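Below, each structure is written out as structure tokens.
In what follows, chain A forms one complex with chain B and a second complex with chain C.
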Partner chain A sequence: MSELQHEIKNLIIDSLGLEDMSAEDIATDQPLFGDGLGLDSVDALELGLAIQKRFGIKIDAEDKDTRQHFANVANLAAFVSARQAV
Partner chain B sequence: MKWIALEALLLEPDAQRSITFEPALNHQQFCRQALQLAGYFAAHRIQRVAIHLDDAAELAIALFAAWQASVTVLLPADAQPQTRARLASQTDLWLDALPDTQGCTPAQSSPLATDACLLTLCTSGSSGEPKLIDKTLAQLANEVAALEQLWGSEIGSAAVISSVSAQHIYGLLFRVLWPLCAGRVFLRQTLPFSEDMQRASLPHSAFIWVASPALLKRTSDNLDWSALSRIRKIFSSGGALPEEAAAYLQARLQQFPTEIYGSSETGGIGWRQGGQHWQPFAGVAISRNPQGALSLTSSYLPAGHREETADAVQIEADGRFLLGARLDRIIKLEEKRISLPMLENTLIQHPWVTDARVGVRQLGRAVVGALIALSPAGLHALRNQGRRATTQALRTHLSSHVEPIALPRQWRLYTELPYNSQGKLAQSRIEQLLAAQRPTQVLPDSIEQTTDGLLIKLQVPVDLAHFSGHFSRAPVVPGVVQIDWALHLARQLIADLPPRFTGMEVLKFQQLMRPGDRVQLSLRFDANRSKLYFSFTNSNAPCSSGRILLAQHA
Partner chain C sequence: MHFKIQQWRAWAPSLESSQQWRDWCQAPVRVADEQQQPDVSFLAPMQRRRLSRLARMVFNVAWPLAESHPRLPLIFASRHGETPRTLAILHDLARGEPLSPTQFSLSVHNAIIGQWSILRADTSEMSALAAAGDGLEHAVQEACLLLHEGAPAVLVVIAEEAPPALYTSFIDDVPFAYAVGLLLTPGDDWQLDLQTGSGPRSEWPHPLSLLRALNNDQQDITHYWSRRQWMWSRKQK
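Up next, the complex of A and B:
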């Protein structure tokens, strides 16, 4: 697990108030929404804000793949690295 | 575009009239598909259909097909397995995709029956049981006509972009039925993020948003506000929009969102655009009932029917009104109506739970928290599988009954809930307990003076804070916590104990102390040696013992 993935997992746990969870409990490819971690649409919004704030990046409104970026931790980490490189 | 009354929407197919795009659908195609599907319903002798479709245009086709075929539509708020099972006896067909209607003879179009109850909405009732609400087409038609009257000219031919589901009354009226009648195009999908809303909006020369506080209070600051300021109207409904969020949008878009107040039961009641006061809709007569709650009659309700809400209200001399808190235990969580009694009743059905109370905490988002009294089986699960597995099992149990947003994220575990001496546990107290840290110390059940010291009986708290990390699958009281308890209790109970901790001697840990264990702690202070002797035993078997070395200040 990369450092960035680890950081994102902790961000998810802290910003969404998930009790009794640690970064090790979230698989990098585990779906965050629906049947996976069980997050909901409001979490998606909260997480979107938290990610932008923490990493100083912007979600591009032209980007059609926003949903895809938030599918799991691996995608989120890839998305954050890509945006940070811009 | 020419206004077409709701009941006449299938009568004159018009290929020039757009319904939606990506993929495009014009009115002629819409009518053809709806009549074809009406033929399918007739051929299969369907009388009641449950419709759950994410695509708003497909939902519109299915609705009008059903109404043309005199099929009653049930619009479930969610597609949870329990919801499906519960509604199964009341429907002939659960539609979550449009069926293949090839080979079916299309139905003949005719004006729809406006006085028949052809739509049933599902929502959470105050008893915790889901409530079914019947609507006639006339009620819906009155409501969309009133909306057009109020805002039609302002909105003009704007495209309708939305973040709310069309399965609920607000989305159904504002993003499907109203645009259909007015000849405005509407987006098929429900968009989760404000960035998505922007991307879908900007290709249109004019657009409106049908949104909710959940989205509007979380718009990100990197939106292209100057491009978005072409927006004709922003609607928000499902709960009050916080003042800061309204002001934030006003500063960027030069208009306050237009908030709609109403519910599935009541239909639209009033609206406001900035400020605190609500303006009742034209066909709505409101009053304050003896309980202080808003009561109404309305042209969006059956004639002569008075609907009582549970919302506290204050009515001004000019007819506008202010809303207060809800007077029952139904709460709005990010626009989703959640029945607290329903959650509690469902939790209590689990064999690990003897009693349960739930409340809400406002973190970055609102989350549900639960106070749980564990049964012996629940305590066994906690001791042998850990806290996370225990609470996760309760979440899984709930998840087939309620939407994900209502699943508790915070848990406080007990053997008995902390009712006060009147046997009450007020909602405010529940919320305090959820906000408080989990215990780190232990309270003695009894204290006995013996010949050479103290004998203290205590029960290991089932929800000790240390159990989360130690260990996640098999919670035990860490040794350092046992020493801390011994010293902490000794300082409370033994006078003149030297203040300084200098070390430990002959420390032994022999048996684990686990959640709910009833143990005895003996304490003896040897003043000559300045040593505090402690030992924990569980039914005479030693758990731990040692000597704590104390000293006066250096």
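Up next, the complex of A and C:
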């Protein structure tokens, strides 16, 4: 697990108040929403805001790829590093 | 208005068991708040993660009272509501930072009963009131209307969070964080009457004053707020 992936897992736990969870409990390829981790639409907004604040990147809620970027931790990490490289 | 107080529960920092409350009712003191969290372990972590302490106080007192009632109307009253959440949002606004969607969506006054309705899968009638210092009496009045309409039982919960330091000079009726839950059923054990009248403020918030009457076998209580005189009386046995 990369350092960025680890950081994103902790960001998810802290920003969404996932009591009793640690980074090890979230698999890198586990779906974040629906049947996976079980996050919902309010979490999506909260996590989007946390990512923007932490990494200083803009997220376009209308972008059709956004859903894909937020599918799991691996995708989010890839998305963040691609944006930071710009 | 008449009704029966079937059961009561209360929570405050370091006051959880009914014995602790009976002791407090005998010798009431302003309890110290060390930010203790009410136990809500009957909820899964994913369900309780968004509950503020005020919401946890409500769930802590109300959940056991609702145990054998899959459908139970609820009247929630709080004069001050989620002051810590609102203040956090105002701080973010003042600093020009984007607002937390979670904080924002849960800062409204009916957010707690909304979460209650979702987590209990109960779509019964529920109301959130913000009354003055006599929110208890207004809530009981609402509950009596529902009983009168035929509800077999109504849950009343009054809760106040300790105000953030910035607000303490404006809020003088919350000596410490507390929640009181009452399960009301039809009956004539208690009567509550309202008339115009003025008098001294009760020493403790009305819900705590009622708890003292319940536990100390007091026959009647009179609460004044503004020009309202509320008279509670027990049926003579």
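Here is the rule we go by: the second predicted complex is superposed on the first by the 82 of 86 C-alpha atoms of A that agree within 3 Å, B and C clash if a C-alpha of one lies under 4 Å from a C-alpha of the other, contacts with A are read in each partner's own complex, and residues count from 1 in each chain.
One rule holds in what follows: a residue touches a chain if its C-beta (ideal position, glycine included) is under 8 Å from a C-beta of that chain, and two chains touch if they have at least 3 such contacts.
Since we're looking at a predicted model, the values are computed, not measured.
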Chain touching more of chain A, residue-wise (chain B, chain C): B
Which of chain B and chain C A:L16 touches, first, second, both or neither: both
Partner chain(s) touched by A:A61 [first = chain B, second = chain C, both, neither]: first
Partner chain(s) touched by A:E46 [first = chain B, second = chain C, both, neither]: both
First, second, both or neither for A:A85, with chain B first and chain C second: neither
Which superposed partner A:G38 touches (first chain B, second chain C, both, neither): both
Touching both chain B and chain C, residues of chain A: 16-21, 38, 42-43, 45-46, 49, 52
Partner chain C, residues of chain A touching it in the complex: 16-21, 38, 42-43, 45-46, 49, 52-53
Chain B residues within the chain A interface of the complex: 192-193, 195-196, 198-199, 214-215, 218, 220, 222-224, 334, 361, 363-365, 367, 387-388, 391, 395, 399, 403-405, 407, 409-411, 468-469, 472
Residues of chain A defined as touching chain B within the complex: 15-22, 25, 34, 38-46, 48-50, 52, 58-64, 66-67
Of chain C, residues touching chain A in the complex: 45-46, 48-50, 97-98, 100-102, 105
